[in-house]
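You will see two complexes here that share subunit A, one where it goes with subunit B and one where it goes with subunit C.
The block that comes next holds the complex of A and B.
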């Protein structure tokens, strides 16, 4: 009796509080919003932390290529399983993304081509294959009968349609990924900043690479349904870029990236829930990029600080010259 | 009216729909690969990815101004926006707050997201089909016709022909400058012309080419057309002129092969060409002069040749010696080379076929012919003996 009463008061106050700062409690407490928001926030947190490592390794565009390249895997998984089951599609995406990654590494090692040319070719070839397969099953007498409307969602993402099982899937990827990141924190740190030193102290950088690629790949694969093959790369790199504006310490950068990721996911999901018709993925990315640009301006290393520093320097200089 | 019709030349009188599509694709491919060579040389390949995605925002913004999806102003607006994208990326990486790759990775998803949001909120009556954005509408090319100077031809073909012409003129006029700034940007600056200006000239053309191509073949194939043939040509050639030529050949090959495969299998044409482009590039990686398969083949061939050389050396060394009977005897030679009987026979037969070795039935030994002698001396010189 008392607890119900307290609860009521608390929720009322809470709702009023939220309303007072301009947030709609109706939306915030709706089941769909909570599911979508949880999904995007967890995903953005993990992606931000893992992606920071890729950014620091100077490989931010590989995520983009792998994101695009995982699309044909989804269609092939659909063709084999004849269903839109999230888990099997995700496995398909991981396999095809990994294959693309291996081919990229192979060409990069065995030719004089630059990495970015390799990325561009592989990205378009794999995504093209996805489109070929998609057009193939559309008119096909066998595959055509199975409903396949969901397949397009993996291109641009459709966060509004995710269900509890998808959130569970994200958690199933997120928890092991974060665990690996924490357990091997020191190893990752050395691996990121001084690969030669890492080798000299007996750290197997191939294993680290495989681990990193595996995590990245599974994060991308789970993210496809939410943000889509084309935009998933920004979930990986933008929080990292933002965090790097604020700190030079690896641990701080990781934490800031996680915060930036989850905050943008929350705000983006909220905006897309309030204004009908706005897709969630793009909204989150706009918020994320906005935070990145703001950071570039006002952070201690940013443009504004630089400008002030330069002005102060010139002022001091002119003063000392006059004196 | 009849008079007008008499003057009007219709391209459909000469070419059927498929041929019109293919011609447009080939012209698009050539226009892209000419510029693509310089993009690949200047390590700008991923800029095409950024361009082809952010163009969508340019088209949307231009649509808000013109309110007409068929206006050529749409293409011009999008082209200018593409240049702005490149400029924004350059500006961002010039602040040194982020690396160039990061700048590319942050700008284009943002622009693409904005485009998707704008379309889904403000232009809901304009149908945004994801497949059309990414894969274009090659099938529709012959259906959108226009008349220019009394010739009726597909609109996309006309635009691409103009773009191709402009690109060709640009490359021909600034060939030396482009060459120098691609291979030695510092010297280019010293030599007194601005590689920055040239860069933006190149990027402007790339942007407009991408916009026109985007309209016909979609965002994904644009990337393949720019980078694929140029990358293949880069691995195969050592001069810029040859590279341009080879990339054009690759481009035509990819488009034709991809197009007919797609028609036969009844699948997405753009997608198929992108796949074929990827495959030919991958084959070039394997098979070019420094490629891995070539290396394996050369190793195999070298080993084979080395064994034959060894055999000739053996014959030459022992021919005039007293132990020739044992060393070179029909039945015993294999023991001295420690090869089994079939292998020794096969290799000797090969040398006999080539005219280096003959059978001396009197002494029952193998010995060198006149030609074999020469070869023996040559090998000795080669190995420094």
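The block that comes next holds the complex of A and C.
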């Protein structure tokens, strides 16, 4: 299916147009670029939209903790299956991320510790375990015989290693996730805005939580190979923060977050393809964060607009005082 | 006025962590009344409302609203929570918030229709907020926010209003709008149950009273319940004298 699509892209003659606006057609039409770009763009779109909800719910750091905590699952899945098969490693990531999430929720409910302290402990415990296991299997008489070069890619991400199967995995997560967001848009909206009222009209907030965590977890698990355990949470958080600067409407914010995510993915992937030695995941995140910073300054809710508003207010006030 | 009991609470006991907040309370709210709930800080007023609405776990007791369990009457009851329970950074407009009052009638997945938007606009108009429909919710003043939340309850078209300190931190004008609304609703046959903190306005604004301090101290008609002895029994008598 994908190859039919790729052939179509090749057959179109964009070359002159693209070269005219300064983009390298050679790179844009290479198979690797298209696969990586599709993967990162789809992932960033879903992550941006889902992440907006977690940001608004005040749970940005939970994504970060889950991201780090899924790493030991990858190593353990490798130790059990003795292969670098994307699907089994992803399942390992989901199991260990879920386990971390359950422990976080349990401690948060039953102790008086602050959530950020709990997150920090679980995050480092799980990620540390992953690192310990990884160094343990390196040079181990049994595990050492299987090639395991791909395992460190899950820490920082290595988009160049993406194959068609990974893009298909991303699609398999992205389509149902977007569908759930679209179908339960109204429910998510009221759940995030006013949970107490939502409960009072009979909305089951536990169901909403589970849905949200499920989607977040699957986005993280599929994104690990591209972006890595350390940086995956930026895919969730940064587009949402950027989008919130530009609109006062939830639906628009979600769309802007999707655009910011996919645009950054495209630009980041392109930059990393043009310049040798630049890794794709970090490039995308630099572009994303750049957009976030610019938005914080020049958007309608940004620092500049606030400063101008304040100055106008003071001017008007002093004028009226003189009159 | 009819004497039917619209909300019947029996033996309600609730706790916060391991501290008991409400002890074995029976509460009867009379249909078509404007009932105020008063009590000192920490008396469990908000907890009582949440217990009635099924928002917080109860240790024992039963609650009947219009003879049914709360899960069967979601459409008939509108809750106006304390404003600090809301996520003010959420990107939404006043009209959008009021429209949320229609969600309970729509059910899962379905989107609001033109008619729902019409209803929401009318509700905003009733609260004198029609000019602020497109305003971001966080840009409104305390009183304006409260009016938007009452408009949401109006849009919900409920029979019983549960309000948790709706007059806290609002301007005089909004206070009047809210009380007029309560009185108009009563004429339409509706019931309101309101947590209130100002003893000076109590008798003007409401006709029934529940005095609570972990246990029910007294409840009934305002004239019979608002007595110095009852206030003293609830530790609320200090400094306040009832004009006989």
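Rule of thumb we're sticking to: the second predicted complex is superposed on the first by the 310 of 323 C-alpha atoms of A that agree within 3 Å, B and C clash if a C-alpha of one lies under 4 Å from a C-alpha of the other, contacts with A are read in each partner's own complex, and residues count from 1 in each chain.
The definition used in the following text is that a residue touches a chain if its C-beta (ideal position, glycine included) is under 8 Å from a C-beta of that chain, and two chains touch if they have at least 3 such contacts.
The structure displayed is predicted, hence computed values, not measured ones.
Looking at the superposed arrangement, the partner reaching more residues of subunit A, out of subunit B and subunit C, is B. When the two complexes are overlaid on their common chain A, residue A:192 makes contact with subunit C while staying clear of subunit B. In the superposition on chain A, contact of A:289 is made with subunit B only, not with subunit C. When both complexes are overlaid on chain A, the residue A:214 reaches neither subunit B nor subunit C.
By the document's definition of touching, neither partner reaches A:82: not subunit B, not subunit C. Looking at the shared chain after the overlay, A:259 reaches neither subunit B nor subunit C. Residue contacts after overlaying the shared chain place A:278 against subunit B, while subunit C stays out of touching range. Of the two partner chains placed by superposition, A:27 touches none, neither subunit B nor subunit C.
Residue overlap on subunit A between its contacts with subunit B in one complex and with subunit C in the other: 58, 244. Within the complex formed with subunit C, the residues of subunit A that make contact are 56-58, 183-187, 189-190, 192-197, 199-203, 244, 247-250, 252-253. On subunit C, the positions that touch subunit A within their shared complex are 53-55, 71, 74, 77, 79, 81, 85-87, 89-93, 96-97, 100, 103-104, 106, 108-112, 136, 152, 156, 162.
Residues 40, 43-46, 48-49, 53, 95, 97-99, 101-102, 104-106, 109-110, 112-114, 116-117, 120-121, 124, 130-131, 134-135, 220-221, 223-224, 226-228, 230-231, 234-235, 262, 265-268, 270-275, 277-279, 281-282, 285, 288, 290-292 of subunit B are the ones touching subunit A in the complex.
Contact residues of subunit A toward subunit B in the complex are 55, 58-61, 63-64, 68, 103, 107, 110-114, 116-136, 139, 152, 155-156, 230-231, 233-234, 237-238, 241, 244-245, 275, 277-279, 281-283, 285-286, 289, 292, 296, 301-303.
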